[in-house]
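Same chain, two partners: chain A is paired with chain B first, then with chain C.
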Partner chain A sequence: MLFLQLLIDGLVSGCAVGLVAISFSLIYATTRVFHVAHAGLYTLGGYIAWYASTQGLPFVLACVLGVLVTTAAGALIQRQLYETLERRAATPLVMLIASLGALAMLQNGIAILFTPNILQFPNPWRTQIVSLAGVSLSYAQILVAVAGVLVFCGLLCVSRYTQLGLRIRAVASNPFLAEITRMRPRAVYVHVMMIGSGIVALAGILVGLDQAMQPYTGILMLLTATIAVIAGGIGSLTGAFTVSIALSVLQNIALVVMPGRWSIAATFGLFILFILVKPEGLFRKR
Partner chain B sequence: MSKFARPTLHGVASSLAALALAVSTAAHAQDIAIGALLPLTGPAAPVGLEEQQGVQFAVDRANAAGGIRQRKVTVLYEDSQGKPDVGVLSFNKLVDLNNVPVVMTAFSSISLAIAPLATRKKVLVINAAAQSNKLANASPYLFNTIPLVENETGAITNYLVKTLNKKTAAIVYENAAAGIDGKDDFKKSFEALGGKILAEEPVEFGQTNYRPTLLKVASVKPDLVFVVITQGHPTYVEQTAQIPNFPVGAGTTFVSPLCCYAGSAGWYQSSIKSGISPELEKEFNDKFKTKNMGFYAREYFNSTNIALKAIEHVLAKGGTLSGEAVRSAVLEIKEFGSSVTTISFAKSNTAVRGVEIQQYGTDSRKVLAVEEGK
Partner chain C sequence: MTFILSYFILATIFSIAALSTNLLVGVIGIFSVSQAAIFGVGAYTVALLTLGQTLPFALALVAATLLCALLNMALALPSLRVAGDYFVVTSFGCQLVMTAVFINWATLTGGASGLVGIPSPSLFGLSADDSPAFLAVAGSVLAVACAGFWLLMRSPFGMTIHAIRLDELAVAAAGRDVLRCKLSVSAISGAYAGAAGGLYASYLSFIDPTSFDLHVSILILTMLVVGGARTLAGSLIGPFLLLALPQALALIAIPSTIAGPVRQFIYGALLIAFMLFRPQGIAGRRL
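Right, the complex of A and B next:
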C-alpha cells in the first residue's frame, strides 16, 4: 500500500513538474534563452493568487488573476530585457546572467512585498481527502493532476493544430528563415513567453494550494523540470511531460528502498547514466 | 547686505553646522551599540523577526529607563538569511566596522560558524534559541541562555518511555545542525531506555512537501513520531492529518509552532521553562500589535537584558567596554532572573533551566510535568 500511495503521489507531483517542464521547454526551444527567471514567475503566480484569496476573492478568480499578472510579467521580461539584449547582440551567457538577475529580483521582491514566511492558501477545502482502494488524495492534489494533464493536452493541440502553434514551430526550427519570411519572430517570442508564463503560474498556484509556498522554492522545481526537458529531448513537449512524471515517481518510490536523503541523489544519478547513453533525450526534436 | 557681513554670516553658519555635527557625533559616540545577527529574510524569517522584536523590546525599555548609565543603547541588526556564510560576513561587519562588544545570534549553523571568530576577536556572542549540542564547547565567548538539545531531549524521552510507555519510534528531522543533533540525542536516550527506532527520515530546510517522508514513517507503524524541524510546521501538521492513523507526534521546543491544530491535538512537546509577566506581555503586544509574546521574543528579550546587565556591570566598575569585559561580567554575575525563571551560568556557558512536558489541545497546551534543570 505504501508503494501504491507513493506511486500515485509521484504521478501527481509529476504533473506539477510537468507543467513547469513543458512551459520551460516551449520557451527554450523557441527563444533559445535559458530563462531561469521562469522559477521566479512560478513563485509570482502563487503569491498573487494567495494574496487575492486572502482578500476574499474566490479561488478560481484568484487563480485567473495570478495567471494574468504572471503572463504580463513574462511578456515584460521578454520585451524589455531579452529583446533589448538580443538587439545589442548579447551572448547566451549574458542572457543567462540577465535572467538570473531577473530571478533574484522576483524572489526577493516577493519576499519583501509579501513575506519571506512559508504561506498556505486560506481555503479549507484544499486539505480534505478522498480515499479509494486504500489510496488517499487531497482535493488540491486531484486539481494538480487534472490541470496538469488538461494543460499538457491543450498545449499539444495548440502546437499542432493552430496557426499560432505552426508559427511557433516554424520560428523554433529556423528563426532566420522565419525572419525573412516575415513571420515576425520577436512577436512570436512574446506570445511564447506569455503562454509559458501563464502555464508556470498555474503550476505555482496549484503546488502552493496543495503544499505551501515560500519565495525560494521555485528554483528547485525548475531544476527538476530542466532535467526533464533535457532528458525528454529539447523541444519535445511529450518528452518533457513524460520524464517529469517519471522523475517524480522515481524519487518517491526510491524511498521504499532507501533513506530519503539518498532518493534525490539516486534519481539524478540515474538521469546522468541515462544522458550518457542517450544524450539527445528520449524524444529528440533537434 | 554688506560684502563683509556675507562672509561672516557664512562663517557663522559653517561653524554652527560643524558644532552641531561634532555634538551629534559626540552624542552618538556615547551610545552603546550591540549587534544582532538574525535571519530577517528567507525561510527562517518568521522566527528571526520574532527574535528581533524581543531584542528591540529590551533595548527600548532600557532606553526609556534612561539607558545604561545615561548612555543610549542601539542595536545594529544584520540579516543572516539563515545561512552560515552570510552570517560570517555579517558578523565580521558588526565587529570590524562597528566594533560591537556583544552580538546576539540565532540558529545553530550560524552560531557555530561565527564561534571561532568570536574567540579570535574576543566578542561576546549570546545565543538565545539555537540548541545544537556542539554549541556547548564551540567558543569560550559563546553563551547559550537556553539548554541544548541533549538536556531537553532527555526530559521528554523519559516521559514518553516511563510515563506513556512508548516502545517504538520513528524520527523526522531537519537535515541541518540542530535537526541532526536532535535526532541523535533522541535516538541515544530512547534506546538507552529500551526503546527501538524504526525509521529515521531527513527533510530539507524550507521543504514544503513532506508526504513521501510521512508515508514511509507511518508505514513502519511506530508508537510515536519524534519531530525535529524548525520551520514549515503548519504544512507538516496538515500533511500528517491527510494520512489515516498517523502516529502521535512529539518533539522539543523547536516544534512549538506545531501546537494547536486539529491535526496535532494530543501531541507532546518538551519546552524550556519560559514565560513573561502579564504586564510585560501586554506592553509588548501594544507595542508590536501582536496577540501574544511568542517563545522566541521572550527568550531574546531575556537574553538581551542579560547582555545589558553585564554591560552595566562593566561600566559601573569603570571598565572599558569590550567583549572580554562583558564576558567576564556575565561570569561574575552568574545568575540572571527573569519574571518566570532564573538563567544560571554557574556551571558552564550553557544555562541551566527547568523543562516542562506539554500536551497540545486544539487551541492551547497543557503542562503535564516539570523537570528542573541539573
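Right, the complex of A and C next:
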C-alpha cells in the first residue's frame, strides 16, 4: 500500500516537474538561451499568488494574477536583457551570466520582500484529503495532476495545430531562414518567453499550494527539470514531460530504500550515467 | 587593525578562488557555478586532516589541492565529452549535490553545525596563529598562484586554451587534443579552488555548509565579472572590491535577517549591469 501511495505521489509531483520541464524546453529549444532565471520566475509566480491570497483574493484570481505578473516579468527579461545582449552578438556565456544575475535578483528580491522563511498558502481546503482504494490525495495534489496534464496537452496542441506553434517551430529549427521569410524571430522569442513563464508560474503556484514555499527552492526544481529535458531529448515536449514523471516516480519509490535527502545526489548520478550512455536523449527526433 | 587584516586575508583567499574561476570561465570559456563546492571540498579536507594534529598544515593543503584537482577533472569529464550546455547542468548539479553532502554526511562533516577548532597553520615549528603571520602565509600562496597564472597565460599551452575559447573546431582541426586541454584546465582550476578552501578553513578555524553554497559560487563569479576576465589584475580587483561591499552595507541600517539577501541582490544586479554595459569588467578583456 505504501508502495502504491509513493507511486501516486511520484506521478503527481512528476506533473509539476513536467510543467517546469516543458516550459524550459520550449524556451531553450527556441531561443537557445540557457534560461536559469526560469527558476526565479517559478518562485515569483508562487509568491505573487501567495501574497494575493493572504490579501483575501479567491485562489483562482490569485492564481491568474501570479501567472500574469510572471508572464510580464518573462517578457521583460526577454526584451530588455536577452534581446539587448543578442543585438550586440553576445556569446552564450555572457547570456548565461546575465541570466544567473536575473536569477539572483529575483530570488533575493523575493527573500527581501517576503523574508527567507517557509511560507504556506492560507487556503484551508488545500490539505483536505480524498481517499480512494487505500491511496489518499489532497485537493492540492489533484489540482497539480489535472493542471499538469491539461497544460501539457494544451501546449502540444498549440505547438502542432496553431499558426503561432508553426512559427515557433520554424524559428526553433532555423532562425536565419525564419528571419528572411519575415517570421520575425524576435517577436516569436517574446511570445515563447511569455508562454513559458506563464506555465512555470502555474507550476510554482501549485507546488507552493501543495507543499510550502521558500525563495531558494526553485533552482533544485529547475535542475531536476533540465535533467529531464536533456534525458528526454532537447526540443521534445513529450520526452521532457514523460521523463519528468518517470524521474519523480523513481525518486519517490527510492524513498523506501534511501532517505530523501540523498535523492538529489542519486538523480544527478543518474544524469551523469545518462550523458555517458545516450547523450542525444530518449525522444530526440532528427 | 585586526578588522583590516581580516579583510585583507579573506580578499587574498578569494583572489585565489577568483583565479580558479578565471581559468574556467574567462580563459577557456566553460561556465561554472560550482567553484564554491570545490572550494568547500578543499576546506573540509584541510579541516579533517589537521583536526587532531594528524597532519601538518602544509601537507594537508597539498592533499586538498590534489584532491580538488582530481575531483574537478572527474566532474568535468563526462559533460566535456558531449560539449555544449550540458556543462551548465553538471555545474549546478555538482554545486547542489556537494551542498547536500556537506549537510547530510554528518559523521564526517559535522552536518549543518559544521566543524570547529581547526588549528592554524604551523611550519617548521613556527605557528602562524596571529593575523599578520597568516597574511604572510596566504599572501605567499597567492603569489605562487599568480605566478602560475601569469606563466600559464604566456606558455604555448596558454595560447592553445585561448584559441579553444575563440574557435574550438579550428584548434581540433589543427591537430590539438581539445578534450585534454579542457581537462588540464579543469584540474588546475580545481587545484586553485582547493588551495583557497584549505586556507579559508584554517584561517577561520570554523566551517559550515553555508560557506560553500550556490550563493558563494555566484559571489566568486561576480568577483571575476566585476574585476574582469582573463587578466591577473581582474582577479585581484574583483575580490578586494566585492568583499568591501558588506562593510559598506554595514554603514546603512539594514535588519540583519535580510542583510544576506540584500548583498546577493546587489551581486545579481552587478552581474547584469556588467554584462550589459561593460562585459570586460574593470580591468579585463571581453568575455
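We adopt the following convention: the second predicted complex is superposed on the first by the 275 of 286 C-alpha atoms of A that agree within 3 Å, B and C clash if a C-alpha of one lies under 4 Å from a C-alpha of the other, contacts with A are read in each partner's own complex, and residues count from 1 in each chain.
One rule holds for everything that comes next: contacts are C-beta pairs under 8 Å (C-beta built on N, C-alpha and C of every residue); 3 or more make two chains touch, one makes a residue touch a chain.
Just so it is clear, the structure is predicted and the values come from calculations on it, not from any experiment.
**Q** Determine, for the superposed arrangement built on chain A, whether chain B and chain C clash or fit.
**A** Verdict on chain A: clash between chain B and chain C.
**Q** Name the contact category of A:I48: first (chain B only), second (chain C only), both, or neither.
**A** A:I48 contacts neither chain B nor chain C.
**Q** Check the residue A:L143 against both partner chains and state whether it touches chain B (first), chain C (second), both, or neither.
**A** In the superposition, A:L143 contacts neither chain B nor chain C.
**Q** Check the residue A:P116 against both partner chains and state whether it touches chain B (first), chain C (second), both, or neither.
**A** both
**Q** Check whether A:I230 is in contact with chain B, with chain C, with both or with neither, and answer first, second, both or neither.
**A** Only chain C is touched by A:I230; chain B is not.
**Q** Return first, second, both or neither, reflecting whether A:I275 touches chain B, chain C, both chains, or no partner chain.
**A** second
**Q** When the two structures are overlaid on chain A, which partner does A:V94 contact: first (chain B), second (chain C), both, or neither?
**A** second
**Q** Using the touch criterion from the header, give the chain among chain B and chain C with more contacted residues in chain A.
**A** The partner that reaches more residues of chain A in the superposed model: C.
**Q** A:V36 in the overlay: touching chain B, chain C, both, or neither? Say first, second, both or neither.
**A** In the superposition, A:V36 touches chain C alone.
**Q** Looking at A:L85 after the superposition, I want to know if it touches chain B, chain C, both of them or none. Which is it: first, second, both, neither?
**A** It touches chain C, and chain B stays clear.
**Q** Touching A:A102, do we find chain B (first), chain C (second), both, or neither?
**A** The second partner, chain C, only.
**Q** On chain A, what residues does chain B touch that chain C touches as well?
**A** Dual-contact residues (chain A): 108, 111-112, 115-116, 216, 261.
**Q** What residues on chain A touch chain B, complex-wise?
**A** Against chain B, chain A makes touches at 1-2, 5-6, 9-10, 13, 108, 111-112, 115-118, 120, 127, 129, 131, 136, 138, 207, 211-214, 216-217, 251-252, 255-256, 259-261, 263.
**Q** List the residues on chain B that touch chain A in their complex, please.
**A** By the definition above, chain B touches chain A via 41-43, 45-46, 175, 200-203, 206, 208-209, 211-213, 215-216, 219, 231-232, 234-235, 238-239, 241-244.
**Q** Which residues of chain A touch chain C in the complex?
**A** Listed in rising order, the residues of chain A that touch chain C are 28, 34, 36, 81, 84-85, 90-94, 96-98, 100-109, 111-112, 115-116, 215-216, 219-220, 223, 226-227, 230, 261-262, 264-265, 268, 271-272, 275-276, 279.
**Q** What does chain C use to touch chain A in their complex?
**A** By the definition above, chain C touches chain A via 25, 29, 31, 33, 78-79, 81-82, 85-86, 88-90, 92-94, 96-97, 100-101, 103-104, 214, 218, 221, 225, 257-258, 260-262, 264-265, 267-272, 275-276, 279, 287.
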